[in-house]
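By letter and in written order, the chains are A, B, C and D; residue numbering begins at 1 in each of them.
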């Protein structure tokens, strides 16, 4: 595995916790399995992070590949500029989501994954289309590239802020009539509900610990950074591991470590050392930038700014409102999970969630990182900003960048805005006192 | 005698502004110069100009103290200032001449070029007196613009007569002006110009006051910097403040009732909301596209061969505003030509351009939280009457009656804010003297 | 006059200059450029400059206006009164490019405000093209502005850029913000050649992207005003090598005239085509 | 003034009227609800059957100055939602009793939530049309979705949804659709008779007029152009314009294309008129089921629909053949994800078929057309110079 290949590595530069070692090993193992899959005759399913059906896929003995994660990793490894450039040369518009272009560029450059090993071609494209219309196009594109079958799972949007029976029935119907048969076809195995249930039970356990970890940020000082650090914590739940024993162990370990930090009254660990003086507590909305992830984090850490809650860490599932995978209603619970992911919530619900975070996590303010790529996140964020500001009375900040397109990360511009924002909070405090 | 002051410097993309504040937080002087590639020099020149301005007001004060009546003071001071500026101009022109000849020599351009240069410079020198006659109008206060436009005109005339090719002459100027404006020596010193100007003005009361003021020592306590080139400002990091905060605080100091501030500078537009204490509560800036900022007007002025301050009045003559949707700065010239060729009138197009700029600003304002009472318009573009007119109209249409503050000194708002921060820093350091910055 | 010969003029009304080409066209036996003139606009009304430029070119060709069979305009030339017909920019640059260098199957036309990559076949039929958008970043005008800041004349840009040792990348997408970037660079002590080369490289990157996304291969001719800029050409060639793009960048002394030449040639083409159908164009001139 | 001029004048007036006076007048006369809908498709028949006036809201074109709309959207989001918000905020949509936001893209989806927050007193609903086209799966879901909407509208004062009324409405829209289709066919045969900027205005009129009135307008227009002796054929290139299905190009752009030498012989404008191909069954026992089925089985290929097991772009190639277009112009709004993500696949299909194409982007308020004119002109030149 190359040096900066995984998120795990960045964090361990400062402190090698056991949980991080475990995560690293899990990821390495997964990519090794993927690389070997063609030889060993193992089949793999490409699918998306929000609303991913990892437990179901795993119960068929199939391996998941998540193109979003590959794109993110390409961004972190400094490859995305070339990949995106290549895709644009091939006729993809400058205006559209760079995850897609990054993935297409990677595919056209030999499909070498984050660990330097070649990724297997998909045997099935599971288009679990949750929270983002771009997914649709993405897999239509991949479908043409690989000539692979596509299984469509249309996950209805919570347009009115609720999940209705009709919506649930629709998803379960599709699972039964479309998705499961497709998985059966390519795996050659029959659907095994018991196997699924076992995995769902393990998911619930891991989810319990994950929520505990994320909520530990309610303390002062917060022992974790729930955004920059948070993206590492959600890794195993997001990606290929939910429902595995590895994930259960990872979160148990992580929880123990955080408990240790709390006992010592310590703040979060960053790549540049520990934050000793928590000066600003922030809630962040929107995905981070991956191409300058470390620089981006630094801009916060240097100022003693700690993110105590973030919405991005909920795109792979919102658990802190009580939802857990329920082995007793296997398909229904999968449906509820899919429909409950953050980007599948309507804007009023997103505002409520942010408002709650600002209050429950005693934040000094909240900040939006608006990414050019993602309309699903970004369209409406300016209104979210004003609404949350109005409801909480805490100052909001707004910065713009992109997920993996380095052309849209202007360090000086972001720093300028962040500095002004922090100085504003500071001034407001001084004025208020 | 000795006066302590703090200075705030706003290094903008177009202009560099300095405000000098005494211990009572009173404005002693303001200075402005065009920004240039040598940031150090830009700051020094702006500060120098502010100190000159400070001394002018001290001279005025002195004369008042000596019992000279207001009418006479105004007259004397105008004469003195013009004479002073004339001296400054001559000194810069001399530096420019040297530089031009050096470049011509280096490029081995030959005798014809030298002759052409002398024709141009000779004329310019001759005209200097007229340029600074009482009541004469000037295109700009910056040497670069003043000398530049005249030089180009004269070069064009020479080219028309077949005396010398145009492009190389302009090329020489572009090189020489860079050198001239990046040297602090070229402007000369206050004292030497003042002494000459004092003699030129030839009035005993004035001479007494000038001599007196020349003996006053102005002592800088601290300087705080802000502005576009903030990452590279010649100030220690601790003494740099964000532009947003400076504009907020500056506007508050000028108009304590201000709640919303709009600043349109050369390359950026900022909409800022402040509370009753001048504390910024939210702000918005234009993103990575500079469309619709002040520089846009600069291009237009160049294209029409007008001075910046002539744009507004010309647009003011329009009775039919043309709709313009694109404000890409670089396309400004092309858009203008296209519209002209479609038969639209210059003033109507100009009115449309101004409205387009303000429309963009309205979006940012809306984004930052709307327009509250009172509303202050700052930055260079606030000097443009047509921009102000368009703003008034749109504010009224969309937000109803709002008190709109505009000061002739609005371009100094950021620098004023910075100078206030400088005094705050002085007080802070006095409170905890251990933390003196390096 | 040879029987099969047509005398035509092409007028390229650009945003920064008027370019005129006068040609003698002998159909399948080829054509010859017999007169040309370029006049920078310098803020004058283009229509005022057209006449004098056309006359200058005609004088060189030893022809009178009424001896011309076709006056073709291109660029912003739709309003030129003396025209017989108008052709659009990419059509004419393709034709002009092919005339100047019969081996090329693509041109990249770089003018004051826009850049475009045009693909064609062996008869100069346009097969595809890509153009820069409404944003003026990376155009000739942009380069001119930067030069004013640097105290460099247009003709010096190329030679200076060639001297660069360590080009400085220019990050701004926007041409206006780039001005500040450039000032910033000067303040950091970056040399003028390095700045210019940096800008050339970033411009070249854009143009190359246009070319590759249009699908260009083989020899490509630079046309338009910026073809005069050797620094830009060098940067393009350098990037082509670096990115291993399968094109070969070429230049011709008359590249800036390509639009005018192409317009003239298409004019002759139309005359022949129409006369083969028995249509005469005489009298259609204003 | 001739009848044709009058008719077109009326259509243009409706198009330019950003305050939707036609809608408030209709309400004064009829007293029913008026419900706005965003592009691309809603089942207008259902609304009509309940006495509701469906009103297509397609942004605000190039006439409206955006003052507050930009406060809701970053620069890298298309223009349509900001002008729609602007219309909402300046009271232009006050005559509407609610809004439907069909599942088109993430922008419109999120706009539905913004609408709820901004105008809490009004009905606003995200219409989640299925991407599963199985009658027993997606069909069931869609039916429940429509029933819910009908119930909610009834609660808010609309007539109850009755099968008989629905059947009549289906018939009314069938007739209207056939007339639209007829004009499209006429344009294919004789493009000089039906200039696109006129046809476009007629389509837009259908956004605000009750279907019966619109049908009359279409019929009158057809008769008038067929009788117009002054319309003559010119030497222009025939092109298909693809990608403008949501945010609409400004009228100036269409005129620019026509002036630059193009006959537009097929397009994607105001697609709600053409979304369903052919007739919806109007005499079935369960007309709601027929409406759902038409959506599932008779819908056109569009970037906003998931295309199952078909070669992407094939439908476009077929349209080119049907319309006799000599080339395709991809003309999409800037930042329009569905259109722009689809484009490479469509281009691939077009290229495989050897059809020339070009592309550019616009915003509904684009004011400068030089670049577009150059491109379209060159495209038309290349087709024209080498025709025969």
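The criterion applied here is as follows: contacts are C-beta pairs under 8 Å (C-beta built on N, C-alpha and C of every residue); 3 or more make two chains touch, one makes a residue touch a chain.
These numbers come from a predicted model, not from an experiment.
The count of contacting C-beta pairs peaks for the chain pair A-D.
One inter-chain figure worth recording: subunit A and subunit C are separated by 49 Å, centre to centre, where each centre is the mean of the chain's CA atoms. Mean C-alpha positions place subunit A and subunit D at a centre distance of 36 Å.
Between subunit C and subunit D the centroid-to-centroid distance comes to 40 Å (mean Cα coordinates, whole Å). Across the assembly, subunit A contributes residues 90-91, 382, 400, 410 that each touch 2 or more other chains.
The multi-chain contact residues of subunit B, meaning those touching 2 or more other chains, are 287-289, 326, 331, 334, 367. Among the residues of subunit C, those touching two or more other chains are numbered 76, 134, 173.
Taken as a graph of touching chains, this assembly is complete, with every chain in contact with every other. Those residues of subunit D lying in contact with subunit C across their complex are 260, 356-358, 360-361, 366, 368, 370-371, 373-375, 377-382, 385-386. Against subunit A, in their complex, subunit D makes its touches with residues 71-74, 76-77, 81, 101, 103-107, 109-114, 116-118, 125-128, 130-132, 134, 136-138, 140-141, 144-145, 148, 303-304, 306-308, 312, 334-338, 340-345, 347-348, 361. Within the complex formed with subunit B, the subunit D residues making contact are 62, 65-71, 74-75, 365-368, 370. Of all the residues in subunit C, the ones that touch subunit D in their complex are 76, 87-91, 114, 116, 118, 123, 125-129, 131, 133-134, 266, 269. Taken together, the subunit A residues at the contact with subunit D in this complex read 90-93, 95-97, 100, 127, 129, 132-134, 136-138, 140-141, 144, 150, 152, 154, 156-157, 159-160, 166-167, 169-170, 173-174, 177-178, 346-351, 370, 372, 375-376, 378-383, 387, 400.
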